[in-house]
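Here it is, the structure in full.
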Amino acid sequence: MSTDQAPRADGRKDGRKDDELRPVRITRGFQKHPAGSVLVEFGDTKVLCAASAAEGVPRWRKGTGLGWLTAEYAMLPSATNTRNDRESVKGRVGGRTHEISRLIGRSLRACIDLAALGENTIALDCDVLQADGGTRTAAITGAYVALADAVTYLGAHGRLADPKPLSCQVAAVSVGVVDGRVRLDLPYEEDSRAEVDTNVVATESGTLIEVQGTGEGATFTRRTLDAMLDSALGGIRRLAELQVAALAEPYPGELP
Amino acid sequence: MSTDQAPRADGRKDGRKDDELRPVRITRGFQKHPAGSVLVEFGDTKVLCAASAAEGVPRWRKGTGLGWLTAEYAMLPSATNTRNDRESVKGRVGGRTHEISRLIGRSLRACIDLAALGENTIALDCDVLQADGGTRTAAITGAYVALADAVTYLGAHGRLADPKPLSCQVAAVSVGVVDGRVRLDLPYEEDSRAEVDTNVVATESGTLIEVQGTGEGATFTRRTLDAMLDSALGGIRRLAELQVAALAEPYPGELP
Amino acid sequence: MSTDQAPRADGRKDGRKDDELRPVRITRGFQKHPAGSVLVEFGDTKVLCAASAAEGVPRWRKGTGLGWLTAEYAMLPSATNTRNDRESVKGRVGGRTHEISRLIGRSLRACIDLAALGENTIALDCDVLQADGGTRTAAITGAYVALADAVTYLGAHGRLADPKPLSCQVAAVSVGVVDGRVRLDLPYEEDSRAEVDTNVVATESGTLIEVQGTGEGATFTRRTLDAMLDSALGGIRRLAELQVAALAEPYPGELP
Amino acid sequence: MSTDQAPRADGRKDGRKDDELRPVRITRGFQKHPAGSVLVEFGDTKVLCAASAAEGVPRWRKGTGLGWLTAEYAMLPSATNTRNDRESVKGRVGGRTHEISRLIGRSLRACIDLAALGENTIALDCDVLQADGGTRTAAITGAYVALADAVTYLGAHGRLADPKPLSCQVAAVSVGVVDGRVRLDLPYEEDSRAEVDTNVVATESGTLIEVQGTGEGATFTRRTLDAMLDSALGGIRRLAELQVAALAEPYPGELP
Amino acid sequence: MSTDQAPRADGRKDGRKDDELRPVRITRGFQKHPAGSVLVEFGDTKVLCAASAAEGVPRWRKGTGLGWLTAEYAMLPSATNTRNDRESVKGRVGGRTHEISRLIGRSLRACIDLAALGENTIALDCDVLQADGGTRTAAITGAYVALADAVTYLGAHGRLADPKPLSCQVAAVSVGVVDGRVRLDLPYEEDSRAEVDTNVVATESGTLIEVQGTGEGATFTRRTLDAMLDSALGGIRRLAELQVAALAEPYPGELP
Amino acid sequence: MSTDQAPRADGRKDGRKDDELRPVRITRGFQKHPAGSVLVEFGDTKVLCAASAAEGVPRWRKGTGLGWLTAEYAMLPSATNTRNDRESVKGRVGGRTHEISRLIGRSLRACIDLAALGENTIALDCDVLQADGGTRTAAITGAYVALADAVTYLGAHGRLADPKPLSCQVAAVSVGVVDGRVRLDLPYEEDSRAEVDTNVVATESGTLIEVQGTGEGATFTRRTLDAMLDSALGGIRRLAELQVAALAEPYPGELP
């Protein structure tokens, strides 16, 4: 069944317009130890994004002068509607976790000049405290802010090879077809019954970093894909503004 | 850096046009045990796709009357340029493997009516015998043919709930920006230096099942995305024709 | 070397008296999904304690009419001074994690009548968001409050076999010998150089549930043990009062 | 329920007095390969304690001039009443095993001067051949004797930085409340129904190294704790005498 | 290089003749919990063989009326010349361990009528306490005696389907080419430099159960194989007599 | 029951004589990346044998001037009659896999002079594409040819310490007692009901490398063993001729 978008009258449970984001909050300095620590909230989805900076790089990269950026995504057992088992106890990281960790790392590496970073490694840890749809896109959006703080921290300590390693902003949002309509930033209630589900990562100017459109048990036309991209890029523009606003405040920790 | 496509004079090493597929071969009946077994070749990329049919479904699905389809992707250690370590010996399946296995399963589930399948499970095993770029898209394209054979086998043994569980064909191809040009079906030599890399899964009529566009260390415009989709959908149309031609021959094993 | 306590003039870095707790905050309803969710803070140590209630018990307990309570402790990678590796990625739960998980479970089972609980399982997840010493004692103290909320939730939904499964309160605190003095509720700075380190779990009336006194690289006299127990039981009395105060507010979620 | 000790008439199944140890045997030189090898028996509990000495220390300790001591505890599958599964086959070390291994290592490090040991590593392996309660306390008591032999061995080979690395003796015993009475050195039959279970590690002079008192499903008063400590320290004094007697014999292997 | 046996003058370090066994001791009733428990010694090689009997069989065998026999082999870390790491800590059972466990199980299943055993499972645990070559052959030889005791135990408790499940005796010995001579029952010193190494499992009447001849880094003629088999079968005849002698004593535990 | 061979009239299902091999095919150059890549077929058993050459040796061998050869055996999930689960997904390599991998490595090391190889490592990967009995013997026979090609490749690139590292040919075949008759090269149908199963590895001149004779649930006489060895050595002689014929063609890839 093709799910080409058809106009329908029914609205969203939370009263939003189809192309409206959930309320977004970005809280910097949530933890005291990492160089950057941001609690990002997309409605009831809450993700703690920490950027830890360490001197040195993995062995295969030593002596290149280039830095490295890595990411790990995880969910607290208590974050979901029904408790989910702990991956450390199961003894293996699941496929979905792996996939999202790789997506976050790839997305954030698109905005950082690893030569400018110098031989430092930044580890981005995105731990979902509460899940209500869109955890990976919230994670990317928050991780960018944590990364910006970590870069500020490294710069203030004279550890950057070049003062401006960040070349653009990175934000992400989900969009899908629900009830036959293209809708932005799906909460779990919509996500779980979406016919098509797309995650878009882009810069503040709307150039793309990653597009992942999936129709599990359904297919979708290029017209639908276009409509989803329009909606997503509008949302990303607003998220980028919120990142700018959040970063307008001074660095939340002590600097030399 | 944005990689919007710009015209350049330089051609492809293997002499292909930008929107030309590599030579594709589909060999059915490669193994004797599975209900469907297909060796698919996209140039030097060779993937063995087996569809094993088993009665019954996983526990969480029992009694629903629905079947199940699952997929696993793997690479022989000897498939790659430099030998890659065996994941069974490492004791864990890597992130990339997980991700591709999930993609194949999702893609093929888009074309099968699990109610018509009845309480049977089809396991698709896609083992890369030789890798030269595009292993996941070759795997999906070959897995569809193996799946079609497995469905024929089940039908001939009277094990389907409904005679036509396949609602469409599924094929996939990679497309990327290399040397500033949009190119179809990238071999390893191009893939490894592509600025943007996109995998598209679609039906024979060009409706989309999955779009994964990635700019590692680069970004890309919507115009580039559009050009990549045009090229990919052209390739998928030709792959679907090759699937039809391959399936025109009778079932390669014995049937009652 | 025996570390029997000797009077010295030097005070604590944070200005506290030897037998004074750090500022303690207990925030109920931190997450929306679990039946009980509490953020507990002992100074800069912050632990998220969630109590998830599920119908049924593990197989070995089925049909006994008794409920079950289990606990898992973990640390976010970003919780510590230097980032700690994720146990899910390492593929195994470390000895320290195991030990603390078992301690929390044992401690909380001391206050609950599992027959009154009925055939329900309560999973206590204690995830350290920020570590500054005393994470296991903060976890136990917070877990009690989350457990009390989960019991309220189960009672309101008519799922308890008996209305009052909690027979006492449970709280815990660390105490140690630092700079030759017995000190209560050690932050990391003191804990890391303590000669003796003791964790005490007790009820609001001062009866003991668990005493774990350890002299790594040192020994201690019974007089020192007595002085540590005096200090710890004083601290636990105050923690129990804070638990009562926190639970005086109505249940933070919706009840029927 | 508080289990404050109350006098009762009923005696112990094996005819012992409440504060009496089981028959203890210490056999040195049980194996020929390790520098120290001791079979220790507390009644029917039999633990083989081996101290293997190796040159060098773990990487994180290199160049410090300090030695290292580590311990591992395990049980043969055939050691228990009902066969217990092998942890190597299960692929992970359980929580209880981890916890006891850590306890043994910590306890024995309390009596050794790691600077005097020089850059050597001593691995203590405590393998339970037969279990009848008190395996961890027997293990610690036997491990001390094996350690003393390993130190003698190292000294005779001129590999110690200082001739006397052992500063005290270490022994351990269990004590618990059974049938309302404080009883020493519990066999399995008593241990399995004890209301309170305490393990005490101490030196020959009665200064404490570790106290672990646990009331699973029960609580206990400080008076009970005091009575348990009195009993345990009496037992440890006698165990220390037995260690001295065992070590009065010459080293059981060949020395230069 | 072929290692066809050639006569040489040099003798064995321990003074034995080429076809002489080391001193063999078989001690029944070594542990009190398993139905059969035997310490077997071939010179300095000491293996504890326990046969635990449990009601029921693995799931795949249920309802067949047949029993099952399984075996696991392991080594204490302290058993070898240099301490070997614990497989439970490494988290996986090594190839050699797997291979020997399978050999022991296969060998002992050759002498037992699983229908006569009834739906019982016997687990043979062979734990090497001290290793000096020939651990697997000592294990098989001792496991037979433990198995015989377990069968006596089951018979006395009326749990056998038929009173005589054992159809023959099973014993094993190693033989190899060392210094150009065929030698029986190799200790570690000979085993480590043997050009050919063969393990033979056979019955008391000399019919074969398993022959494993290996020339690592060398080859060997059929004449050498024949000479090795002659020597091994002579040794197995003597081992079978020692088993009979050991089993002439009454069952070492209590029987109804 | 002893299975001494007795003459019977019944023939083999596939019409072969008792001492006849199945049709054998050896296809060199099956893959383009490894230095040697051979598809070997013994009837319906198909094994892909790849020999990958890498500079350097494992750490424990560095600086010795000796090379190393290692082998890994695995089965595709789709290779067997009923799909077998993937060991990478199960997270551990099974005992049978381990055992065969070790056998292949040992067997091939018997024919190579590791000093002549120089400090290179050859990894032999034997992946079963289709299983119909005798996979390990086919693997060894094919691996020898792949190894010969890898040696040619190394020699042509000037990477050998000595030009002739191979001292003999290695081939292997199975032989067993089926229906009371000694039969060569058992397909699955015979293997699954064989009373005795023997694998023999030998050189082209009939000297032995490995003999593994197993009677699961049965025993066998030395006369039967002799008959099996006669049959196997005849088969190996013919396999060696087929190896020579296959290697008479030029190296299937490009050489300098």
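Every chain is named by a letter (A, B, C, D, E and F) in the order it is written, and numbering of its residues begins at 1.
We adopt the following convention: a residue touches a chain if its C-beta (ideal position, glycine included) is under 8 Å from a C-beta of that chain, and two chains touch if they have at least 3 such contacts.
By chain, with names taken from UniProt: A, B, C, D, E, F = Ribonuclease PH.
Since this is a predicted model, take the numbers as computed values, not measurements.
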item	value
For chain E, the least number of touch steps when starting out from chain B	2
Any chain that touches chain C and chain A	none
Most distant chain from chain D by Cα centroid	B
Per Cα centroids, the chain farthest from chain A	E
Duplicate of the A-C contact set - from D-E, C-D or E-F, the pair where over half of the pairs recur	D-E
Centroid spacing, where centroids are CA-atom means, of chain A and chain B in whole angstrom	28
Chain C-chain E separation of Cα centroids, rounded to whole Å	51
Residue numbers of chain F (touch at least two other chains)	91-93
Order of the ring members, counted from chain A so that chain B is second	A, B, F, E, D, C
Contacting residues of chain F [partner chain E, same complex]	1-2, 92-96, 98-99, 101-102, 106, 109-110, 168, 198, 202-203, 206-222, 225, 229
Complex contact set, residues of chain F against chain B	31-34, 37, 44, 48, 50, 52, 54, 72, 74, 76-83, 86-93, 97, 123, 125, 127, 129-131
